């Protein structure tokens, strides 16, 4: 099994989720994060005090998938999260050694 | 070392933490996340506008443990986070190559 | 490629980011988390009701780096996040199998 | 003083004063003398009107600002607060410069004059502590004499001129350019608000002489703002992502605070429209409370029955609908009818905001038309049905000298509603189109998606 | 008018009016004449009472709503706001229909009559601008004449009838069914509030004729709500997770806004209870401010000493405790005693809320009993100790014709406290049991864990 | 009553009362008699002053508390609310014990006496319902007679004494010890506020007899607090992380609510300073509104031009600057000059807060000096330029018996400004140094980094 982690623009979340469902992805976990990258942050001025906010709001999606689904999932995210503008985000894939569903104690791909 | 990541129901957090302490787990890191899965989200209606909120509040626990503790930790989470109802969440285990404690620069299992 | 995950004290975030930039780290992702560890939490009393809040606010930094940069990155974090007081946090390193930049579909280290 | 025979009324009030106490018979015997001695102000009436002014300002900032801000997404909260606050400032100056003069100096039946340009002459009567009560329609055949200084009357009315355009902002939330909004609001307050207010409230205004009853602004304020909002929603088009994105309110706590302050402030709006601290003000306050409660419960139960749950947004929306609907009626009706008006407004606006809007497909984001337009129409019409004559009576035979509800009165009310709908709708539309063609009305799609707080104002709530 | 000899008092007030100015001697000489000419209203007194009404409404929405909502967990914030808002609407209608009539028409010493059912006849005296002051206890041997219209008196009292049940919500926060709450509140306002208010405030009420001093509602409002809250806490049982889960307040900012608005609004509550803009109102406002500040500091320093840190929740809780305790005393005591009452309430309620409650083990979530019950008892008793006769004097010999603090008076106060504790406690208990056995009082455990915002109202703050 | 010849003014007011109505000629003929009969209170004036008192309290809690709390970081929000709330309580007691007596009893030109220690004697005149109007400067050669009870005058002034020190908190936000703050505020209110208020507002105060015009507290309140704040900023030093850390406001929504409530409450502050419900109060309210709007727009446009975006923090800051600047002028100027004063304050304070501060390098966190100090100076000086004589006229020849703007008057205003700057600056500095050397002024660096909510009060917002 693999964990696909994607950091994307917040307003693309629903699109990504909708793109994953047809592939049989039954679950995913989302966190609000802040991203620092090539995309410039903004300068905010409060009564003359300037703060450069380098961190931009992003959304991190974590989805555990079986090995044979990884390519499709990555491709689906690539398409649905794409705007072509700087700051679209990244996808990282890493290995999961074990997965368990808490409710049923199923393990492995059955747990996803 | 392994990283045990558990996505659980928010109100189970304290139970899980209490279940891990006796095993010698000295630390863990928690984030508020939103989960999408088999558990149905809710439809919210604000003045006739319906929004289906598919994402439910969950808590993600990350705990780095030595290899020999993994099974016990997974078991403890399985027990303490269990309600038997849909949406109880998942446990994922993955590999950590290196761990360092920032304060002391201790590494490996000493760092946990 | 490796994923370096650091859990640090919140007010050290800017220092860490500034320490990483000179190394050529072009991006990173940050989340607000709560940490449980050796550092004592606090007891809060609201009208006589005592709540022991064991979780302290921390910041989690995730940065994907090429293999040859890992040591420098870890060292930079160790230095910039250090206060010497309990609760300074941890660094974990794990493997990334694949990385893709959503905007350009570049993969591998080019994606970082 | 929104009575049909205000001179008599004012004179009978005067008998409470020390001056009149000396010559009550004379005062009663000669009510229509060409040049009555200028009335002294009454400190109690003035105290209540000063208070009412503060209460009505409270309705806009922070009341309305919070009510609206509590319903938008996090990225637009500050921009929404900004709209109400900026309108408050802009219209204060517009009113000072020329708005008050156009609205409340005598002029013609269609518009006031320029004699109070820059409020010139407004301090004339306050020297030496012998303040003289303000006379509305001075020099006309039908002057209304009040017992408060002109400065207070001007200020009280300013707060009405402020809140009316501020209400419109609910319709175009989340997508209008701030610069375009500023220009629209300033011009609108002069070419839409000022004339309509003059028609209805000047003693020689043409809708007033027609017999229109509008105690505190059902037509002038609410229908007027409602239909202008509808035009904004139509001309600007829907929010990006409408029907797809999650646009649920960020923090309804703000909306509850806002609605509550609207409620409290509305006592100044309605009971203050009696222009004095008297029994009519008391009745206006009572029916305001009763209709509001009835409407809030009306909306809540309608929703509970239809959708299965009573919501916080529902009950506060109903309360606002009730406040709107009782506004024109407040100095004319009794508690029983107030309940009827309230329930009609609560249930009516519930369907307008939740069904009608989706049926017709326009995106009136925060239901400016659905609540203020529809609620205002319900209230204006029912005022014609339920008016209880003695409340507006000014002569010695209460049952006949006041205006009672009747079919004829309903028709008059209907006419005033139509006139307001047409004038406000038409002029607002033209105004919006002109601004759209010149500087543009709407922010870019990207700016809208990122949120107005950051793109228009460079700020955010964390 | 809460004086022991209100007719005289009212008459001496009357001398300020134009009418009485003409015949002061006669007015003084014949205070108890069977049919005195009905008094004119005083515009200044009316202005202040209209203002006071707005201020007391502000106490409930948004004041109390925010004060309570700021103390609960995030998942229950909206539901807590909803409680106060819904009670406000429900009781407004109940009061209109029958509550006012039962409380303030003459009736018997135990309950009023039905002559003001649906507020019938309330507009009788406002025609022609010759508003007539309201007479409380008309036709009885002991009428109280006021200088404000009945509509204003009715509205002012409505806001009291609203806030009293709304206070109870603090006791059952986080776990009561909304439907059960609605029913409980409506019935409670009729079978508990209306009689007790009649007993204490009607000139012929049996606790009034006993000599009870309760200027603005120490027994009627605070002890009453406090003990009803205690019953709720006992009958409903503790919150799920009590003593184990983190139930720390989500956002005390809301609580601070709420407490502040309670403070400001309480000026209407206490100084408004003078039913006029006069020296007694001024003194009532002054001692309200002083006792509140003293109580806030009392709680803060007690906490600072005992627990090591002064807290925000502490200082605002102390302020509310002070406001509660000075309520019955406000028209009767001087600044010095106000400090004593304040400190006693601040320190006393601190121990009640933080120690007593945990000792006894009931879960009065937001300390409805600990603050309103205990604070009300402290205030009611100390009123009997510190009353300064000239403040309530109505005759020409102030020192003797008013009511002074004494051991006898303390006993009378004690009796009134006990009566309130018993009646409110008993009836509330029975009422709760009946509702529990029929539709059920408490939400399911799952709903409670998920939070009332979502399960009862389908909404949330993000 | 801030007039130059208040006795006459009061007497002409009196003619409205029933008593004087009987003998108007006599009253006019003998205005300066040594022992005039004590005036009756006027219920309308009293109603407005009771209301004004509530409005000014609203300015501090929750107004100012929220305005400041909305500008700090999340970790300091509650501590900032706590400062305003605690100051409110502390100064209420200080004022009761001795502050009022020192400020408003006759005493000498430099300080009042001790005759109202613990407010002794304040209830003397309210017995029997024959309330007597308060006379300021009783027994002096220049008494000011009012038509409100002393208790009301005392309470109204208490709210001024509360807000003035509370304003200072803006300068030392995020870093001052709570204990040190409590001590500083209590002592400051006695050794800085009380004397300056006496100098300016007592009829025999030395700045008053010099001819200083300060209607509602430009010098006494705003310059005074502003310069004390500047001293705090200098003595305490900058916030840790200043110029490096992100110190952007946590939630400007709170600041908008706060600024709005300041605006609404300021009507009580300025129009209430007329000590009655009359034409002067009306004009004061009108110019307050106008100047505030002008200043808000001034700041907004200045920022829009200079930085490219109009901000929410900008427009509300401008509004507060306008409120500050119009304060001393409010009973003296006409609408036209109000616009000038507003624009000057809005633009002037914009540059003071955004450029001057950074140029000079002190860390006045929330611009206590930049807004209140600078705005107060602008207002105090322009009052001397724009005063319109008839507004303060008391005799029969309005144009000459009032005070008109002139170069001479500008010089007088300048003197009063300098005196305030020097006294307040000097004494505040000494006071801060003493506290620093004894118990210490500033929290530890670690506590500051962790945030005051948790370290000082053990609470947090989640």
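Order as written gives the chain letters A, B, C, D, E and F; numbering starts at 1 within each chain.
By our rule, a contact is a pair of C-beta atoms (placed from the backbone, for glycine too) under 8 Å apart; a residue touches a chain by one contact, two chains touch by 3 or more.
Computed from a predicted structure; not experimentally measured.
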Chain-contact steps, minimal, separating chain E from chain B: 1
Of A-D and B-D, pair with higher C-beta contact tally: B-D
Length of the line joining the C-alpha centres of chain A and chain B, rounded to whole Å: 18
Inter-chain centre distance, chain D versus chain F - centres from mean C-alpha coordinates, in Å: 32
For chain C, residues that touch 2 or more chains besides their own: 31, 44-46, 94-95
Contacts with two or more other chains, residues of chain D listed in rising order: 17-18, 21, 42-45, 47-48, 51, 246, 248-249, 257, 277, 307, 311, 313, 458-459
Inter-chain touch pairs (all): A-B, A-C, A-D, A-F, B-C, B-D, B-E, C-E, C-F, D-E, D-F, E-F
Of all residues in chain C, those that touch chain B in their complex: 2, 6-8, 31-38, 54-55, 58, 60, 74, 77-78, 81-95
Interfacial residue positions of chain C with respect to chain A in the complex: 3, 17, 26-31, 64, 94-103, 105, 111-112
Parts of chain E lying in touch with chain F, wherever the complex brings them together: 9, 12-13, 15-18, 20-21, 42-45, 47-48, 51, 55, 74, 248-253, 256-257, 259-261, 263-264, 267-268, 271, 276-283, 285-286, 289-290, 292-294, 296-297, 300, 307, 309-313, 315-316, 319, 334-336, 339, 388, 390-391, 393-396, 398, 402
Residue ranges of chain A in contact with chain F within the complex: 44-49, 51, 53
Touch list for chain F against partner chain C, complex: 241, 244-246, 449, 454, 458-460
